[in-house]
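Several structures are given next for inspection.
Note that subunit A is present in both complexes that follow, paired respectively with subunit B and with subunit C.
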Partner chain A sequence: MQLSEKKNGQQGTIDPELDDEEEEEEEIYQDWSQVASLVNKNAALSLPRRGEKDYEPDGTDLQEVLLYRARKAMFDTISDSIRGTTVKSQVKGYYVPHRHQAVLPKPKGSFMQTMGRADNSGELWLEFHEFVYLAERGTILPYYKLQSGSKHESSDYDVEIMLSMEDLYSLFSTQHEMDEYFVFAHLKRLGFIPKQCRQDMGVTTSYYPSSTRQNNLHIISSRFFSLFKIQQISLFSGFFYRKWNFFFLKYRTSPQLYQGLNRLIRSVTVPKTRDELWYSRFRRQQERGKIEVPLTFNVWKPCANFKKKNPGLPDFQIIVYNKNDKSQHFPTCKELRSIFASLDYKFEFLNEVKDDLDWDANSYVEGISRSQYNTKTASKSRNEKNTLPSKSLTKFDSQKETVKPNSKKKSKTYPPHIQQKRRLKAGYRSFILAIMDNGLISFVKMSEADFGSENVWYTPSSQSKPERKVNGGKAIKKATLNKT
Partner chain B sequence: MSKGRVNQKRYKYPLPIHPVDDLPELILHNPLSWLYWAYRYYKSTNALNDKVHVDFIGDTTLHITVQDDKQMLYLWNNGFFGTGQFSRSEPTWKARTEARLGLNDTPLHNRGGTKSNTETEMTLEKVTQQRRLQRLEFKKERAKLERELLELRKKGGHIDEENILLEKQRESLRKFKLKQTEDVGIVAQQQDISESNLRDEDNNLLDENGDLLPLESLELMPVEAMFLTFALPVLDISPACLAGKLFQFDAKYKDIHSFVRSYVIYHHYRSHGWCVRSGIKFGCDYLLYKRGPPFQHAEFCVMGLDHDVSKDYTWYSSIARVVGGAKKTFVLCYVERLISEQEAIALWKSNNFTKLFNSFQVGEVLYKRWVPGRNRD
Partner chain C sequence: MTEEDVRRVAITIYAKKCAEAEEVLMSPLVFDMHDIQLLRKYGICGVLSGTLPTAAQQNVFLSVPLRLMLEDVLWLHQNNLADVKIIRQGGDEIIAGITPERGAKLAKLVEDRLTKSFDYQTKFKKDQHIAKLKKIGIINDETSAEELQRLDKSNNNDQLIESSLFIDIADNSSILKDDSIALNSLSCDDIRNLLFKQYERSEKMQTYFLYKALRDQGYVLSPGGRFGGKFIAYPGDPLRFHSHLTIQEAIDYRSEPIDLISMISGARLGTTVKKLWVIGGVEEETGSTHFFSVEWAGFG
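Right, the complex of A and B next:
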């Protein structure tokens, strides 16, 4: 007991500083306007912007003054605000060792929009990393719950030990879990919504339709692809370069020359369209027993109407890898390919083909497209709860409204050679690799590329039309060649 | 003629083997034109009349060089092969030196193949030199203005005064820069005069007739040489002969492995139309230019890797940082061998290069630094 008291004391002093201000139900947001005004004023005297560094002390105290002002503004902002939590609005979280999770008997706060999972009795279960994150932010108070009988007896909660941050960190089961936590907390603080891939969500959304439909799909796609495959194989086996080729084949244009050359080296083709993606997923399901590198996080961009039970396709997928762990290594080509094959997110390259791609219509929940699923659940909830129909409807509508103007803005068509350049530079399926090095996180985006399917050769146009050549006519010509 | 037009004409062909594109026009209602066309078609050929002669120099390290002036330029103009030993990449030493010593009366741009800025007759190296000089001057000017600002600060000038001064300084720097760009020609001419003074050692560059000795030669990378013998019949040696020069007769697979991998990558990109040049200046294997160095900056840096290899993360991050700093895209090119080592070395020994290179597969992965803050929307 002494121990717990001591920790209580510690926590007591730390707590108010860490705590996000919560009063009654509403959170009070920090007033940053003072700091913001510093940035906005004239360039020479405000907070130094990124990228502009003073080379050395210039002998005057101007640099000092600037720094002092900036620092003061920060402190002023913080000192003005109310600190600590009122006892009434305190949220306690209890760590449950055998589940390696935490339970919140009386959850409240805006974090519930993105984190945790409520059970039937109204308690909120947090994954351990979510628990640590919220405790670190001061949103909840972490307690250790001693193991005993059934959980609904209130007497169990009486035996509780308040945990310090050190205690919490010592509860991480592996270094890898801690690494994952750091990445999670980093992204979360930046506003992203990361979710562990192995974490159980309400419903899973997939880009791929469920397996029952895939059989149908397979028949269509395999027919389509078998044709495609045969053509490719014959292309590769057909490199018949001989010395005397040049004496009797008589290439009339440079592209013909190139086409003769590029049969020699095989290259990996990657899926680029919906059909190809579906087909590659189907193939993957057939080939079992391949190396699997598990994905760590699904990440959504910050969005106001995130629904944790039905979040839709993630924007990114992340794998965490510790550079200094001998048991891990940077993925090899094979591992990279298997990771690419296992990805299931908003494939951004599909937007290049069709600008206003509607992701709800192109992703699947429980075998039906997500838009259908959403309308179904919306109507269901309308029938069930007659009290809240207007709210759910407006939410749905507002979501639609926010999507539409964006897609209209984007509908620009670029000339073919620019499109090709963008394809080459952006690649196709991609994931984010988060590399941990002694607490430093670096992010790398790895994407599949396909240089073997793009031809960039220059076609000299005939001498009669030198004008066309200069005016970018070459690009159009090149593009038509690429299509054939 | 604008610079663009000159380049269009000069680098018309992307490869040293030219397509048959000088056939006469076919006139449908004129059978004679058919005959003439057929005759021309029969007579024409893709092959070169005289192949480019290469020399092998050096015992421990092999240098594959082209000595002939015209052939050097031919390889540069048709696909940007090789590097001039005394030049940055295009073999310009002869032209530069002749201009410096005043040996040749004909203006540079009239002679075929020499790169020139038509107005000022400057070589690329000169342009760079001058740009650096101007940059230096600009920095001096800027430092001067910064000192002024510091003076004001030390005197305890008011914020508003400082702002006015800053505004003024920016304006004057802008003007300075504008003046510099206008002055390009003048400065260059002044330099020409100052440089035309002959040095004593310059006499050693001339032969008894007063002509410049052919000192510079074009050096080819082994993969370039292989491409120019194996894929295109341009050099006057056979692929087998080149292979013999590159490696001992009793080479093991591990000896030839890295060369074969490099060649597979080189051929892959060349055959899809890229101009592939060494990427050593950017810490990687190859640079990919869309048409060639005179037209655009290289947009991709390629690093070749075996498909089952995993390096330490530092290896990836250091290259990516250099490449990213030069605003290029970093491409990891994974090469997979589909046959066994024994088969591969057997194919190499039997000079069956087609089959050897055909049994490799390449695949690319792009590597890019990801900044969370810039991907939030």
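Right, the complex of A and C next:
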């Protein structure tokens, strides 16, 4: 208290001298003070820019004042920003230690669209990290119910203790769980829908059809030839890679150099098409007992009609890794390959030719395609709801309507050079590594790349050459666009 | 001496038994706003990482808990600025161990806090309501108390106010303040040994000495993984000043080779983010720390 008074006094004495300068500073200076005013007004959320900073302390009072203000704005914002709800809209959540989950007897709120799992009695069960996140937002009130009834037989004597944030954080069982929570909360705040991979989702969608024998046979037969091809390449590089190779296979032109690299590097083929993905999956199933690195989160982009029981393929997959924990390490090459093989999400590189790949038709639930599965369940639920035919019909219609605009959307095909640029930049299968460094999270995208097979050197195509002479650059661009 | 002067930062760390039956310390978190303010005064800023309830859809401005580095705690403990408490019981164990009597006491504590806050809120809301009525002109200063009461009841204001009262979730735990948990507290040296043991499990001790040397010079350090270093160092409070240094992990610079590629990429990255690439080490005989900075010359 004394401190703040002293500083206030200081501010008072300086103010008259620095009036003009201060006004200018206030124009530039936007930091916590902006959020502070936001909190006070409770206005719509528009975030301030990060503030201007100085190079180093110069010992001036002005700097002291600015720093004091910045700190005050920050601390005031934090202490004014109270978490909790009003009596009217309170939702209580009870922590259940033996399940390491929380139960909401009377759940309500929009969070139910993406979080939690309802049981038969209408109670909603939240995973522990969901529970902490919602409590931290002030959406639900965290409680712990002391069940003393059984011990003391004094019947309905149940004591409810409201938990504090500190209590909640003390309930994390490992450091890793806590790190995962930090990443989870970070993504939630950005609007993504993260789900733990180990969490049971109800309906699991996979890019790969379930491995029935028929399917395998199909894959084997279709991939037999290419298998042979792969072997050939690796044999060549394995046995025939010698230093003196160079003397026989001298590179005389630059294209030869790149093509030669393809054969020299022990071939690690990167799956690029549906068939290749299926094949690599099939091979992985054969090689059981290898190192498995579990994925941490499946992440969906923000989406209004997200169904938590049947969400479809995720948009991203994330692994959390704490850089300061020596029991963890950056994935080794072997581990990376096993991670890549275990990925199962909307492989965005399949979109490169056509913009709108229909993921429902290309993903599988219980052995049938997801679109088939969805219509099946929709018709089933329609039959069940026969008692209210009008309602279910309208629901079905509205569902159809929501689908329509998607299918009508023009499919955009990209010209080959942009496709190539995308391939080089984004690679093929990818996952996101969330690196935790004492509270700061860096998201790194790890992806497979295949530079060797890209034809990056410039060869003027025979078609466009005469055109250029006649029409000039612009016309060519137009022509290629039209062609595609 | 005011209360602020005597106050010491309290840091609670959980020790968890991991698979190898070794004790692992979780990251230190600070929940108390006063502690956070005090830490900032000492030059330890940490990383705020909880959702700010009033602006819950962004990651720039965050709230408690404040996550500290282990180096921070070591430094605070060595300089005798903080009380470090190590809790060996699991969170589940602690809440399972609450006796009904204690539970009732804790529940009463929360209840008392809420009633007090409710009373305050009700009074505030009523005052505001009256002020509003006065502004519109329905009542004036001469309106009698009975009239006011009548108005109150006719609009069933009380019910409305009651349903709009705010229940807040506390930051600090009252459960963990219990004596039975604090009882198995360790001596100062034990805590230091535990902290150092934990630190040595993941880092070289020399790295801490680099931290210490910079911290003692008044630099504020924060995790530097983003800039390709162990720490980044600010010349003062990060709220007001840019950082100029990325500190690498300590090396034995007289004999240990420096990876050229990492040095080039570090210095190159440093140029784009306006930071020096700093390596350092501790001289074994004298125990003194030395730093070397590498800069992209941008020459020729």
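Definition applied: the second predicted complex is superposed on the first by the 275 of 484 C-alpha atoms of A that agree within 3 Å, B and C clash if a C-alpha of one lies under 4 Å from a C-alpha of the other, contacts with A are read in each partner's own complex, and residues count from 1 in each chain.
Just so we're on the same page, contacts are C-beta pairs under 8 Å (C-beta built on N, C-alpha and C of every residue); 3 or more make two chains touch, one makes a residue touch a chain.
Source: prediction; values computed, not measured.
Asks: Once the shared chain is lined up, is A:Phe330 touching subunit B (first), subunit C (second), both, or neither of them?
Replies: first
Asks: According to the stated criteria, A:Ala185 is in contact with first (subunit B), second (subunit C), both, or neither; which is it?
Replies: After superposing on A, A:Ala185 lies in contact with subunit C but is clear of subunit B.
Asks: Kindly classify A:Tyr133 by the partners it touches after superposition: subunit B alone (first), subunit C alone (second), both, or neither?
Replies: A:Tyr133 contacts subunit C only, not subunit B.
Asks: Who does A:Leu62 touch here: subunit B (first), subunit C (second), both, or neither?
Replies: Only subunit B is touched by A:Leu62; subunit C is not.
Asks: Of the two partner chains, subunit B (first) and subunit C (second), which one does A:Ile435 touch, if any: first, second, both, or neither?
Replies: A:Ile435 contacts both subunit B and subunit C.
Asks: Between subunit B and subunit C, whom does A:Ala304 touch in the aligned arrangement: first, second, both, or neither?
Replies: The answer is neither, since A:Ala304 touches no partner chain.
Asks: Determine, under the contact definition given at the top, whether A:Tyr144 touches first (subunit B), second (subunit C), both, or neither.
Replies: Second partner only.
Asks: In the overlaid three-chain picture, which partner chain does A:Glu454 touch, first (subunit B) or second (subunit C), both, or neither?
Replies: Touch status of A:Glu454: first partner only.
Asks: After overlaying the two complexes on chain A, where does the subunit B footprint on subunit A coincide with the subunit C footprint?
Replies: 42, 45, 186, 190-191, 323, 435, 437, 442
Asks: Which residues of subunit A touch subunit C in their complex?
Replies: 1-3, 31-32, 35, 38-39, 42, 45, 47, 50-51, 53-57, 63, 66-67, 70-71, 74-75, 77-88, 90, 95, 97, 100, 133, 135-138, 141-142, 144, 146, 148, 151-152, 157, 159-167, 169-175, 178, 182, 185-186, 189-191, 323-327, 435, 437-440, 442
Asks: Which stretch or stretches of subunit C touch subunit A in the complex?
Replies: Touching subunit A from subunit C are residues 2-4, 12, 14, 16, 18, 24, 26-27, 29, 31, 33, 36-37, 40, 46-61, 63-65, 67-70, 87, 90-92, 94-96, 98, 100, 103-104, 106-107, 110, 162-176, 201-203, 222-226, 235-237, 239-242, 244.
Asks: Please output the residues of subunit B touching subunit A within their complex, sorted ascending.
Replies: 4-5, 8, 12-15, 17, 19-21, 23, 41, 44-47, 150, 153-154, 159, 162-163, 166, 231-233, 264, 267-274, 290-291, 299-300, 305, 307-314, 316-317, 320, 329, 331, 334, 336, 338, 354, 357-358, 360-373, 375-377
Asks: How about subunit A: which of its residues touch subunit B in the complex?
Replies: Residues 42, 44-45, 58-60, 62, 186-187, 190-192, 236, 239, 241, 243, 246-247, 249-254, 256-258, 261-262, 264-268, 270, 301-302, 316, 321, 323, 329-334, 336-337, 421, 424-427, 430, 432, 435, 437, 442-452, 454-458, 460, 462, 466, 469-470.
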